[in-house]
Each structure stands twice: as structure tokens, then as C-alpha cells.
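Two complexes come next, and they have one chain in common, chain A, joined by chain B in the first and chain C in the second.
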Partner chain A sequence: MLKPKLLTKTLQQTNTDGINGTMLFNSDGSLIASSGDRDKNRTIAAITANIWQTYQKKSNDPLINSDLNVVMINCKEGKVIIKEVCKMFLCVHSGNDVPTGILKEKLISLAKFLEPSLSKIVI
Partner chain B sequence: MNQLQDTQNFLLNLLEKIFGLETIYITDNQGVVLDQISKTQNIQKKEFIFGPLFANLSNQTSKLGFGENQSITTFYKEKIMVQIQLNSIILSLIGDLDLNVGLIDSYIPTFTQAFQHLIETVGEIEKNKKEINL
Partner chain C sequence: MNPTKRKILLIGRSGSGKTSMRSISWEFNFKFMDCGGQDSYLENFFGSQRDRVFRNVEVLIYVFDVTRKDTEKDLNYLESSVFALSEFSPESKIFCLIHKVDLIPEEERENVIESYKEEIMKFLSKFSEILENPLKVTCFGTSIWNETLFLAWSKIVYSLIPKIQLLEEHLHSFCQICDAEEVVLFERSTFLVISASSSKTYQDIHRFEKISKFIKHFKLSCNKAHSPFQSMEIRNRFFTAFVDSFTANSYILVIISDPQIENAAISLNIQVARNHFENLVQKTRGNDDNALVI
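Coming up: the complex of A and B.
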């Protein structure tokens, strides 16, 4: 069983050094847990789920021909990065001042940490 | 013709300078291929599906609440693709897992300068299209 409060607390720990929000959501973009501005996270989850699915569907193009691992979106005023973990999606967003490498490493570390627990959930 | 040659030379230079880089596409905002070059693949077919894909997704990413989309980097299990919005054109760079994404990011102002003539030309065409439609 997922412990929602504990999960939210864990996600909150990522929100340091310029990271504004961390969330876990389903492939349809519906939030499972999040920390930060909930309304903003809800919008980000919905849009990024679609972006992920769009790139994943085309991953068998001969130029790529491999599965998607991480998507990183760089906008004028912020960054969003998404990774799949156990058929769910982990996402972190920040302002533009956070180095992309740190954002990616934090996301991957969080995914590794959550994977053993999330793998026990059947979706 | 000189400008076309300059673009090709610049792309060739990039392929040599950036470690891990394999293929470069330049497309307009509708995904139409304007130029391409590849180290590993013989790109016969002109269609590049990620061009229009990025153009469509750029509209969505602008709704994230972080302003206009600048680039999307997709890390696959065996490849990395960096797609950059340069005003009226899209630059797509595909490489292996050694591709230096940080270096590509730092080159964005250089890309804007190098492709300025193409950006202006395509921008002018898009502007004329809209005027005709009105």
C-alpha cells in the first residue's frame, strides 16, 4: 500500500535549491502525489504526460529505435523534467537558475529511491 | 547559393566538433525539412517525423506556465535528441549517449547567429502566408 503522507513528504525533500515542485502521476496525467503548488502541478502533470506519450509513440523511428528514458523541457522561465518509474511518471520543475544536470540527477536519484516501493503497486 | 553552402559547412563543422553527434535536421515550424546532414545514416527520405511533432508540442509546453518553449531534450535508452526552437526554425540534433547536451545548450546563441539568414527568410515566408490568408 502507498502511504500518501509519507510519499508527499518524500517528494517534498526534493524541493530545495530552486526546485519548486515534484510530483508523481499516472500515464493519463492524473496526480498521485505532489509537493508544491497543487494546481500548477496538476496542469504540468496533464501536459507532460501527453508530451511523454507523443515522443514514446515515435520511439521506433529508425533514427531513434529505443525506449524513452527522460524528457527535459526548457522554457524561457523554467524547466520541467520527467522520468517513467514503474509505469508512473516522476516530474520535477524549477526556475531557470537551476542547472539542468542537477535537475536530472535529483530526478534519477528520486526515481531509484522510490522504485522498490512503487514496483509493488499493480496498476 | 553561398548561404546554403555556408549552412551546410556549419552543419558539417558541428558534426565534427560535438562528440557523439550523429544527425542534424533543420525544419520550419510546420516540420518541413530545410536541411539535414548525417554521419551515420544515409538520409534519403526527406520526412523527419520529430519536426512537426516538436512544432505541435511547443504550443502545449507554452501552457505549462513557464513562458515560451525553448528546447526539448529526449533521452532514450540508446540515443539523445535535442530539439531547439530558433524563432521560425527548429534545429534537431540526434546523437548517441555520449552526446554533450550541456555543450549544445551553450551553443544556442551561436546557432541563432549562424542560421540568422534562414530564420529571416522562413519568417518572411510565414508572414507572407498569413497576409495572403487574411
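Coming up: the complex of A and C.
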């Protein structure tokens, strides 16, 4: 089971060195927990969940034929990166000043950290 | 598993209020054996049909009408019932409803109920020497015009659920894990409260009954529209409330007052808990085919 407050605290710890928001959401784009500007997080979650689904659908295409691992989006105002963890989605976003490699490393280490707990939530 | 196997006997004299009482519990999973209550009819039940009526009884509810002065007659019926039960269903529980308490002036109510209780208990105490099994008797003052009947019936349902303490412990942990303010389990068809866990004390002790009524009405309207009720979420300035179908025979209510907690997290937890409780219920039921499954 999820401990909402504890989960939020854990996500908050990632929000350093220029990272503006960290969140966990489900496949329909609803936030499960987040830290940072909540309204912004909500919007990013909704949009990126949609983007993920769209690409995931294409993953069966013989030309691609591979599951999505991460999605990185570079925007004018910042960067967003998403990864699937136990049928949920973990996402961090930052300004443009944060190197993409660092953003990705942070996301992956957070995903590794959360995975053992999240995998116990069988739905 | 066939819940209708469980028998609840609702006994009382004619006019004591049995029929009007059933509005709160008519959807009940169990079969009611309403012994009519007309005196001659009632006598029949203690005569030729005695064994058919009193076999496999889980609960006997005897309804006393507080406005009637001839309590001896009721006590005699109760005595016959207790004897019959001790023979055919020795494990059954007995509840006495001291009914229509609204007709007693409020300031006297407590005393009248107490003296009824005393009289009933004193009367039944003589059985303790004769019977093998100790009698399990509980009395409630009730009225259809206030929450007392709802509370009494909730306690009756509660007493019927096997390993209820275990269930309550798990509900309590669920409440804590979710950072919920309150979690309540309702029996599915009657919407009587089975169990509740709260992390704070509330002013309104009648809230369960109000909520129960409210959801029951809503559920009925849904049925009329041919789209059966499944779940709902209500959010206001102070809290978010989730009502969701839970185990095979229950609904769950979760109240969250921390605005930082996302709805999806709670929905997810309810889903996970559903499987957990379903397993728990299966386990506690064991071989008891007759047990009330929530």
C-alpha cells in the first residue's frame, strides 16, 4: 500500500540542483503523489502520460519493436523526463540549465529506489 | 456459500413495531422469520412448529413495546424462545430491543430503558443455572424516529461477523497507512456500519447514520436509472470522501482531510486493500459455511 505523505517526502528529496518538480502518476495521467508546483505537475502529468501512451502504441510497430524505456522532452522553457515504474510513471522536470544526463541519472536512481516498494502494489 | 441460510428470528407481539423496523434491514442477506406476533399465532410457534422455527437460528431479536404495561407476557414469550433456542440453536445470540422509546419523555428515557434491562436480565439470570451454555443477551433502547435503531442493528450485524477484531485491526492499519481521517466499512445491502476506524474524534456521533441514509438513497436512484452504483468521490474545502464498492458484501468510506494527498493514491490503496480484505475474509471464514461474509 502507498503511504501518501511518505511518498511525497521522498519525491521532494529529488527537487534539488535545479529540478523543479518530481511526480508519480498513473497511466491515465492522474497524479498519485508529487512535489513542486502542483498545478504545473498536474498538467505535465496529463500531457506526458498521453505522449507515453502514443509512443507505446507504436512500439509494436515492426520498425521499432521495442518497449519504451524513457521519454525525454526538451522544451523552450525546460526539460521533462519520464520512466515507467511498476505500471506507474515517474517524472522529473527542470529548467534548461540542468544537464540532461544528470536529470536522467536522478530519475533512474529514484526509480530504482522506489521500485521495490511499488512492485508490492499488485493491482 | 449461501447467506440466506442464516436465520434471524424477529419476535414480538402484534404492534410492537417489527414490520416498521424492517425498513432498515429488509435488504438483509439473511432470511427473517417474523413470527407474526398475533398472540395465537405466536403460541403456535412454541407448539407444533417449534423445532422448524428455532433450528439454525443465528440471532434472536425480541421486540418489547415500551408502551405496553403487561411485560410479563413478553417475558414469558422470551422465556419460551430461550428454552427453544437452547435446545435447537444453543450457540445463538439474543438481542432485546426495548422499542418505541421516543414515546417516553426524554428525561425519563434513560431510567425506563435501564429498568427494562434490569428486569429482562434478572428474569433471564435464572437460566444460567439450568442451561449449559451461558446466554449471550444484549439489550438496546430503540425507536424508528432516531438513530438508536440504526445503532442497534449495526451492533447486531457486528456481532455476526466472525473474527471481527482481526478485521478491525486491519481496517485500523489501513486508516493509518492512508493517512486517512476516518475509514468506515458498511454492509453492502443494508448500509449498516460494520466497523470504523478514526484518527480523530468527531462532534457528530450520528454521522454514520446520516451518511448511510444519504448513500442508500443515492444508490436507489442509481438503480432506478439502471446504472448501478459503483463508487463516488466528494471533495470540498475540508475533506475528500471516497465511497467505493469493497469486498463482496461491503462498501468502504475513506475520509481524507490532507489536501496534499492525491485522489489517485487513495483509489489505488482502496484497490490494494480490497484484495487484502477479500483474502482475509476468505481465511477467517474457514470451514464455517454459514458465516456472514462481508
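The working rule: the second predicted complex is superposed on the first by the 123 of 123 C-alpha atoms of A that agree within 3 Å, B and C clash if a C-alpha of one lies under 4 Å from a C-alpha of the other, contacts with A are read in each partner's own complex, and residues count from 1 in each chain.
By our rule, a residue touches a chain if its C-beta (ideal position, glycine included) is under 8 Å from a C-beta of that chain, and two chains touch if they have at least 3 such contacts.
Fair warning: this is a prediction, and the values are worked out from it, not measured in the lab.
K.L.:
Quick check on the chain A-based superposition: chain B and chain C, clash or fit?
P.N.:
On the superposed model, which is not a single observed complex, chain B and chain C fit side by side.
K.L.:
Given the touch rule stated above, what does A:Leu7 touch, chain B (first), chain C (second), both, or neither?
P.N.:
In the superposition, A:Leu7 contacts chain C only.
K.L.:
Determine, under the contact definition given at the top, whether A:Thr100 touches first (chain B), second (chain C), both, or neither.
P.N.:
A:Thr100 contacts chain B only, not chain C.
K.L.:
Could you work out the angle between chain B and chain C as seen from chain A, using CA centres and rounding to the nearest 10 degrees?
P.N.:
140
K.L.:
Check the residue A:Pro116 against both partner chains and state whether it touches chain B (first), chain C (second), both, or neither.
P.N.:
Touch partners of A:Pro116: none, neither chain B nor chain C.
K.L.:
More chain A residues touched by chain B or by chain C?
P.N.:
Per-residue touch count on chain A favours B.
K.L.:
Could you tell me how near the closest CA atoms of chain B and chain C get once both structures are overlaid on the shared chain, in Å?
P.N.:
In the combined three-chain model, chain B comes within 20 Å of chain C at the C-alpha level.
K.L.:
Over in the complex, which chain A residues touch chain B? Could you list them?
P.N.:
Within the complex, chain A contacts chain B at residues 40, 43-44, 47-48, 50-51, 54-55, 58-59, 61-80, 93, 100-101.
K.L.:
Mind pulling up the chain B residues that touch chain A in the complex?
P.N.:
Residue positions touching the partner: 23, 41, 48-50, 53, 56-57, 60-79, 81, 94, 101-102, 105.
K.L.:
Spell out the residues on chain A that touch chain C in their complex, using ranges where they run on.
P.N.:
Residue list for chain A touching chain C: 1-5, 7-8, 25-26, 30-34, 121-123.
K.L.:
Residue numbers of chain C touching chain A in their complex, please.
P.N.:
By the definition above, chain C touches chain A via 174, 177-179, 258, 260-266, 268-269, 271-273, 275.
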